[in-house]
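Two complexes come next, and they have one chain in common, chain A, joined by chain B in the first and chain C in the second.
Let's look at the complex of A and B:
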């Protein structure tokens, strides 16, 4: 359904002395209808950037995104409009997704109003159904965002994303700001909605347990690259980074064993991007690493077997 | 809205402003005399029970003139600020929202207006256009719109990056929809604060211009021109200047006070919004 090819994003900041930061580099990704793909990785590895490029909120520096075979990247806004309802992003921060001066009911109704062609009664019936679908009651509808709890607000955001019958939902750490108990609730709810509506779901998270629980397939990202991709990644991690990520969760309080510092990498180092921190590195790792097919898995490490 | 009325500063200034507006609107009913009525027998009478604020050099009742003067001053204040607000906010929102060359052009335009001291600019324009109420108002608009343009642009830059703007665009909203439905309502508080303070400033500037003889015709009652007329008799009949001066001061202070109160109240409201359990 959604296909991304060789996505790359370089941020340039600063006016006079420009600093370039490659946030995502060369990501290929395909999502099928009804499939859940989890993307995990540490903070700053480029997950949000990737999500924004997938939903066309950010123009990739290079690379392309296709939706059912139609190329979305580089399309002008007018043509893109037709696809907007189909792909929806639930951003990391639910706070400012709804206008603080609008009732949440009006915010959820907004997509209908913008698209046009709905009568008042249809809109209010649809909005009521959506509120019900995300587990909010009628009393929440006329409230303002600041009168809702974080979890309730996140449901409003999800309800709004569902208005135009999306085929793909990209959730960027949709639950990370919430209380653990609420998190589980929302994740379960998302899963149910997905099953009922047959959505494709991209689930971006820090939480490896949640990723494991909801996903059909997991992508592990490190420094803007996919380092491992496949099913049951956490049962049988093949990439040293995936293992380190799992250890970090498991032994959160224990001292992390870091390899000896190798000093600064030479300019234009083109070897494994995980070289500096990898506990299993050897000389051979200074060669550039490609995603390899290893027993139904894609792994960016020559050692993986 | 109700919360705003809990602010004491706002209440006090609202009472004063309410009184002034009431006086201006009902001047025809309330005023003890006709403002055109010259009573040459009773020139320069000090305040008395017949003439509470005294009479001027032509024997006109000063209380009456001050009441009609409120009409002129408040009209100029509201009219100039409304037009300036409309122009300034439109240009400011466009500049902030679209950015790029449009922003560049609009901001250079405001900068060039701001480069002159405002009184000098207003004087130059009235000197060029000639004396009269309309020309004075045009001159004041030329000075005042820049304030709104800057405030609106700054707030728009802030609102533009908000998630709800992106979310709205992302379901297919046009730029004009976003500007009208999301940007305007979210920048309106600072604009209203500036408007309130602006009315005070405009009234003061209008009185200044009239005092200098660039404003309304001397025959129409207006605070600034009353000051001007009273100037000659200041040593013998100080009440000619005292009462219009007092009214100008009260009005300007009340509008400024109201603006400040509004700012405090809205700031507090924003703080409450932020504090109220947002993660």
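Let's look at the complex of A and C:
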């Protein structure tokens, strides 16, 4: 359904001393209808940048995004608008989406108004149905965002994302600031909605346990690259970085090295991006690494078997 | 018992608001032994942080406090503010959630770490500086002589977190209160925080961890207390708690964790202004009976206690 090819994003800052930072480099991705894909990785690995490029909020530096075979990147705004409703983003912080001076009901109704072609009664009936779908009662509707708890507000944002009957939802850390019980509620609800509507779901998170619990397929990102992709990644991690993440979840080895402690890779280094932190590095890791197909899995490490 | 470090008995805190008083803490009672890591877990808005602030005597000015907090045999809840200043930072220190907000951006990191030593241990500038360098080195902030003279913005996030722990432990406190140290932090950084906390705990410092992260509490603590709607509903040893939680809320909370299948708790958290009558969990409890409408007793069972009628 959604297909991304060789997506790259480079942020530049500074006028005179221009600094270039590659956030995402060469990501290929394909999502089928009804499938849940989890993208995991530490903060700063380019997960959110990737999400923004998938929903067309950010123009990629190079690479293409296709939706049902139609190329979205480079399309003009007027044509793109037809597709915007089909792919929706649910951000980490629900406060970023809803206007604090509007009632939540009005925020949810806004997409109908923008699209046009709905009578007032239709809008009100649709909004009521959406509130019911996300488990909010009628008394929540006339409230303002500050009168709702974090979990309730996140449900409002999901209701708003569902207005235009999307085919793909991209959840960017949608539950990582919430309590476990609220997180469980939101995730269960998203899965139910997915089943009912046959949505594709992209679940971006740094919580590996949550990713494991919800997803059909997992992509592990490190430094803007996909280092591992497959179905049972967490049961049988092949890339050293995935193994390090798994250790961290179980608080297994307490010897901790953070990327910021070892500093950036030297200029012109074209080898494995995990080279400096990898415990199993050898001379051969200085060669550039390609995603290889290893037993139904894609791994960016020459050692993986 | 002489090895009890902190004893909290009958502490209640309510905060008056426009809609009525918020009963943030109701009849909290627990004790922390020396060298013990004690976790207080619960959902956001259940009054965990307020309880931490009540122990440190850092409550908002309009909060109404009642009860007794004893630290090493001294009743700190009865001290004057001036006397409390000698305890705060010396015997009990706190580590804030966000190091960027907790550090003063205009003061060198070394000076900030040295401040408790200068204030509480009466050290000279030189002594404090030498000790600051040792502390920085201990937490892998190297080279310490250079780093000591830098400002917070020159530190990376993980380093600043370690510098904060160095500041909290500067005057050798006996108890550290850490409020939500892992909120919104990714797995690798979380493990980093766990590692430095364990390093400090192995030196004999007791911890009160206030967190909603069940996995973190499991990795770190000796004993666990569960907070629900302002009340502590269960206190148990870590292994016993994770093997067999007693209170229905504790069971539901553990079932909501991703490893155990993410089963949401039915219903929603009650309002802290109009708290449910009797057991505060009864509207959401699958085992509720008529007696749950009256206040449940705190039942003591071998080494743990639970506030529920089932075990009465």
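Some notes on this structure:
We take it that the second predicted complex is superposed on the first by the 293 of 305 C-alpha atoms of A that agree within 3 Å, B and C clash if a C-alpha of one lies under 4 Å from a C-alpha of the other, contacts with A are read in each partner's own complex, and residues count from 1 in each chain.
One rule holds for everything that comes next: contacts are C-beta pairs under 8 Å (C-beta built on N, C-alpha and C of every residue); 3 or more make two chains touch, one makes a residue touch a chain.
This structure is a prediction, so every number in the text was calculated from the model and none was measured.
Aligning the shared chain A places chain B and chain C next to each other free of steric conflict. Contacts of A:244 after superposition on the shared chain: chain C is touched, whereas chain B is not. After overlaying the two complexes on the shared chain, residue contacts for A:177 are found with chain B and with chain C alike. Residue contacts after overlaying the shared chain place A:188 against chain C, while chain B stays out of touching range. Chain centres taken from Cα atoms put the angle at chain A, between chain B and chain C, at 80 degrees to the nearest 10. In the overlay built on the shared chain, the residue A:81 is in contact with chain B alone; chain C does not reach it.
Judged by the touch definition given at the top, the superposed model places A:42 against chain C, while chain B stays out of reach.
In the superposed pair of complexes, A:149 makes contact with chain B and with chain C alike. Once chain A of one complex is fitted onto chain A of the other, the partner contacts of A:291 are absent, as it touches neither chain B nor chain C. In the superposition on chain A, A:213 makes contact with chain C only, not with chain B. In this overlay, which is a superposition and not a single complex, chain B and chain C have their closest Cα atoms 8 Å apart.
In the superposition on chain A, the residues of chain A touched by chain B in one structure and by chain C in the other are 149-150, 177.
Against chain C, the residues of chain A that register as touching in their complex are 42-43, 149-152, 176-177, 179-185, 187-188, 206-210, 212-214, 244-245, 247-249, 251, 254-256, 258, 260-261. Chain A contributes residues 55, 57, 81, 84-85, 88-89, 91, 93, 95-101, 107, 110-111, 114-115, 146-147, 149-150, 160, 163-164, 177-178 to its touches with chain B in the complex. Note for the complex: chain C touches chain A at residues 43-45, 140, 156-159, 183-192, 194-195, 198, 212, 214-215, 219, 252-253, 256-259, 261-265, 268-269. Those residues of chain B lying in contact with chain A across their complex are 162-164, 166-168, 170-173, 177, 182, 185-186, 273, 276-279.
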